[in-house]
Structures are given as C-alpha cells and as structure tokens.
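We just call them A, B and C in the order they show up, numbering each chain from 1.
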Amino acid sequence: MTALPVLSVRGLRKSFGAMTAVAGVDLDVGAGEIVCIIGPSGCGKSTFLRCINYLERPDEGTVRIAGDYIGREPAAAGGTRLQSGRQIDRMRPRVGLVFQQFHLWPHLSALENIARAPIRLRGVDRDEAEAQARRLLARFGLAAKADRMPADLSGGEKQRVAIARALAMKPELMLFDEPTSALDPEVVGDVLRLMKELAEEGMTMVVVTHELGFARKVADRIVFFDAGRIAEMGPPDELIDRPRSERLRLFLSHFQ
Amino acid sequence: MDFSVEAALAALPALLRATGTNIAIAAAAMALALAGGIFLTILRSLKIAPVNLAVGVVISFIRGTPVLIQIFLFYYGLPALGLQLDPLTAGICAIAFNSTIFISEIMRGGLADMDPGPVEAAIALGLKARAIWGKVVIPQLLLRILPPLVNEATIILKGTALLSVITVVELFRTAQQISATTFRPFETMLAAAAIILLLNVLVSQFGGMLERRLAVRRG
Amino acid sequence: MALDLSIIADNAGLFAKGAVATVYISLAAIAAGLLIAFPVALLRLSPRRVMSWPAMAYVELFRNIPFIVMLSLFFYGLPFFGLRLQPMTTGIVALALFGSAYFAEIVRGAILSVPRGQMESARAIGMSYLRALREIIFPQMLRFFIPAATNTSISLVKESAVLATLSVAELTYQGLIVQGQTYAPFEVFLATAAIYWGLTALLAAGFRASERRLGGQGRRGFSSRHRLAARYLSLEPEPRS
C-alpha cells in the first residue's frame, strides 16, 4: 500500500459572486514534498490556499489531510456534506498557515503568540508550551525577542514568529501565502532560508510565492496557476526552463 | 384582553395630525441649534480663556444631565428668573439649547479633522476672519459633519416626544389622550411608535441620500 | 434672585433616595444591556441574512423610537404577553433593551475595528469563532469599545429620568415630588440636575481611569505645524511650546 498523500484536493471550486476564483482543482502533495504555486495576481492561488483549511469555504470539492476530510466529507446518501464547525476547528491545527501580513496578535508577546494555541487547544501545560516556544524562537534566532510585543519586532522577525506560531501546533502540512511579499528585500533571504530548513527537515509545504529563485531551489514541483486552474505543473527546471504554454512564458518573462 | 388592530388604525389620523407638531418643533429646534452651534463654535475659536471656561462648564452640564431636567428648568425654572415661557416655546428652547451644545462639540471634532491647507491659504491671501469663516471653514465643515448632523436631527425628533411632560400636545401626548378615552393604550402607543419610527428612518435615509449626492459633487 | 438652598437641605433625604434608585436602575440596565448587546452584535455580524436581519431590526427599532414612547409601549404592552411587572422592573427592562441596541452597535463597530486578519489567523490555528473572539478580538477592541460604551452608559443614566413618567421613584420623580411640595422649581431642578451631573461625571472618570490602565492614548492635539490654521480649526488654547 502506498502512503497517503498529506494533502489531497479534488474538484475544488470557489466563486465570489460572478467571479470564479478557483475553477476545479485537483492536487496531491506527498509527505515531505514541497510544492510552490506561482501565477499572476488574481489567478486564485491565494484563494486556493485559503480553501485548503476552509478559511474560505469552497463551493464544491473535497480536501483531505492525510486521508481525513476537512470541511466537506462524503455523505452516506452520496454526494458530500459540510462538516460541523467543531469538526473543522479540530482539523485546522493539522494545517499551518502563514500569511503575507503575518497577522501576529498584537496584544500578546512573541512567546505568547506561539504558546497560546497549544495551551488552549491542545491542553499542553504552560511550562511545556513556553519551553517549546522558546526552543522555536531560539532556533529562528529570536531567543532574545521572546518577551517583545509584535509592534516592537521588525517585519522579518514578525514573519519568523508567525511561522513558529504555526509550527507550535505540530502541523502535518504548512501553507505559506506569499510569506515574503510584505518584507523588506534585505530580510526576505532570512525567511526563505528558514523555510528551506523546514523543507530539508521533511515538512510538507505548499507555498504561494513570487520568489522564483526559491521555487527553483527548494520546490519538488511547481504549479502554475492561471484563471483559477492548474495550467501547468512539473519539476522546477522543466517548468521554468521549458514552459509549454504561452501564458507561462509570458508570466516568466516578467521575472527576467 | 385581545389586541385590537382597529383601535390602532382608528387612532392613526389624529396621531398623524399631531406628528405635524413634532416635525415643526424639531425643525425650529434644529434651525436654532445649527445657528447656535455655529455661533458657539466661532466664539470658542476666539479662545478667550474665561469665556471658554464658562462654555466648558455649560457643555459639561448639558452633556451630563437629562434632557428632561433641562426641559423642566426651561419651563418651570426660568419663571424664577423672571422669564415666563409657554410650554411650546420653553420646549423648543430647551431642545435647541441642548442641541446647540452637541452640535458645537460635533463641529469641534469636525474642525480638528479638517485639512489646514485651504485655511492657511486663505490667511496668506489676507482674507478677513469673517470671510474665512463664511467662505472657507463653515461650508467645508458642514459638508464634513453632515452625517452626525443628520443623526442629531433624529435625536431632536425623538426628543420632541419629551415635551409631552410639559403638556405640549404632540404625538405622544395625543396618544396618551386617545388612550384615556379608548382604553387602548398599547395599540395607540404602537401606532405612535410606528409613525415616529417611520419618520426617523425617513430622515436618516434622506440624510444618507444628501450625503451621497454631496460626495459625488465633491468628486 | 437668590437660591434658597434650605429647600435642598430640607429634602436631602428624598434626593438621596432618588439618587440611589437612579444609580441602581442605571447600573442594572447598563449591565444587562451590555450582556444582551454581545449576542445581538454577533447575530448582526453574521453573513446569514436570517441571523443578521432580525438583529438589525431589533437595533433599528430601539434606536429610532423615542425612549419615552418605548417605555410606555413596554408598560402597556408587556401585560399583553402575560407579563405583569412592577413599573420599576418594566423600566429597567425597557432601559436595558434600549441600551443593548446602542451597545450592540458599539460592539459591532469595535469588532469590525480589529483587522480581519486577526480573526483569520486565530481561526487558521484552530480556535473556534467564540474562542477567537474572546482571546484575540475582544482584548484588541477595548480601546475602541470603552470610550463609546462609556458615552452610551452616560446616556442611559440620563435616559433613566424618563422612568419618572411611570412614577418610578427615581431621582427625577423625587425632584417632581419636592417641587410639588415646595414650589421652588428652579432650586429643585438645578439640584436634581447637579446630582445627575455628579453621577455622569463619576462614570466618565471611571472610564478615563480604565482607559489609562489599558494604555489608551488621550485625544490628540492640533499639530503645532499648523498653528496659523489652528486659529480657526482648533477650539483648544494654543499649546505652550
């Protein structure tokens, strides 16, 4: 028996009014695999990512995390039905999401940002959760910043804390939504390096990004999203060096 | 006792007639309060310390005490100072005075948010204070504070019902009088409430419309 | 004319009784109003029409009908629903519901004042909607919530005067009683007003203290760069440099 994919998306669709953001997407991501999603802005790649953990509720389609449905599951009578809010809430920590704008909680210290969810949602006791948070901070070079409030952190530091916050829940899959787009150019490298380390440790990751260099170096597969669909998919070298479609060629030409 | 729709409907014509009084009171009070508010705001802008101190105390008093008591003071209290007003006049004055204070406070906030550029330009051009107020500051200010002014108008309209307690025969008083003869107070009050609710919603809607129109003109 | 303060002194007991009743009524209405406001605000924020619509209607009803009319609706209307309450209780219930409509709008505004991403990051990590509200949104909305809620609380203290129309023995009612006995309306209503003034000032002071504790900023002054324009646009005395 082959191992279950960590992420398995089938027939995902999402529209906002008349505008179709995701127009039927199938995607499997295996354990330890790194998938980078690229594409023009407004192509639905962020919406797709947000549909995976049901932050955005898709109109159709199913999402499975290591075999378990999140959001919508097959109904006994055929078709699918929406899970209860509680079921979805229980699934969400298995997927970590890192936002472009970090969205740290400004009223909590860096340490508390990381420790809060494990304490409240996993019942981890405070000492243990804080020790884990400190380990994560130390690993990300932020040991001295544990008691800082988010307002006193730089953009790069905020994003590293945000990644630590997601990792503290020990997710099986990490989603990154343009994690470096809001950062100053000089700190982009720090965050990308950290993501590369995570990848090397075997974390399964789906990354929406404009950093083609990162995608080429780190990704096992690159997905080119266009008009809400997977327009092309393949290993980095193949996709970037030998684009098949005119759309992708045009898109890549913006980066040269 | 069963609810009687007929009783509510039967009261409507008289209630609607009485509503005219509320509208007239509110219009008079709003006009007075707007003029008073502009006057008070300009007075405060002169920053004459003792004047502003006194104004500050009055503002705090008006904001810190019930309108009902202010109405009593105008109607029952002023005769002690040798000023006897009939209920309607006393009521309009009380509401207008109360609203003057609130409008001046709205204006204070509006002024603080205004772009200083045009005012500085006007000063640099050597415009007289009267022209700066009349041609530059007040028109812009009124545009800017239109939403809270419309809100204030609905507050005034609601306040007119309080004048029933000093025997002004307006909507609520009329509803009480009708109830006293028909013994259908709930139905009558419901009809009165519906009328004033509708009126208030209309004023708010009109305000919203005005706002949109002005916003378009401003570009 | 001279104020005859003996009228006040002679009736201090009635004024005190009235003031105590007003404080009791107001605090009860404020507490209950706040409690009701949260579910109303959450319903109002629901993306589902069946939830948000009734909440909106509730809020608009209470905000567009004068309290004096609303109060008499409750007084005459509750018996229709088999509820026979004391005028005092009727008054508190009406005032609480009236206040809850205003509080609900403040809660809604305060929740909306917190950036969307805060709720999203909380939900993404697995918090339920209610937990995210409690742990992430509420602490951040206080800065917006406290000043507005204080103003509404003060309004409720003032609005409670209308309970006098149901002969509830609160401050305004006692004032009317004393006035009926002494025929000194000026002194009596000035004294009544002064007590209200004191009560609302106390509330406002409590709010400023809580705001300071939460590290809120005071009102911003007019920038000294625009000292010239401040002659027209500022009503505060010029800042000393």
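Here, a residue touches a chain if its C-beta (ideal position, glycine included) is under 8 Å from a C-beta of that chain, and two chains touch if they have at least 3 such contacts.
Since we're looking at a predicted model, the values are computed, not measured.
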{"item": "Greatest separation from chain B - chain, by CA centre", "value": "A"}
{"item": "Inter-chain pair with the most contacting C-beta pairs", "value": "B-C"}
{"item": "Chain B and chain C: spacing of chain centres that average the CA atoms, whole Å", "value": "19"}
{"item": "Whole-Å separation of chain centres (CA-atom averages), chain A against chain B", "value": "54"}
{"item": "Distance between chain centroids, defined by C-alpha means - chain A, chain C (Å)", "value": "45"}
{"item": "Of all residues in chain B, the ones touching two or more other chains", "value": "none"}
{"item": "Chain A residues within the chain C interface of the complex", "value": "53, 55, 85-86, 89-90, 92-93, 95-97, 99, 101, 103-107, 116-117, 120-121, 162, 165-166, 169"}
{"item": "Residue numbers on chain C that touch chain B, as the complex places them", "value": "1, 60-61, 64-70, 72-73, 76-77, 79-80, 154, 158-162, 164-165, 172, 175, 179, 184-186, 189-190, 192-193, 196-197, 200-201, 204, 222, 226, 228-238"}
{"item": "Contact set on chain B toward chain C in their complex", "value": "1, 3, 41, 44-45, 47, 49, 52, 60-61, 63-70, 72-73, 76-82, 108, 111-112, 114, 116-117, 119-120, 123, 132-133, 137, 154, 158-162, 164-165, 172, 175-176, 179, 185-186, 189-190, 192-193, 196-197, 200-201, 204"}
{"item": "Footprint of chain A on chain C - complex, ascending", "value": "115, 117-118, 120-129, 131, 135-136, 139-140"}
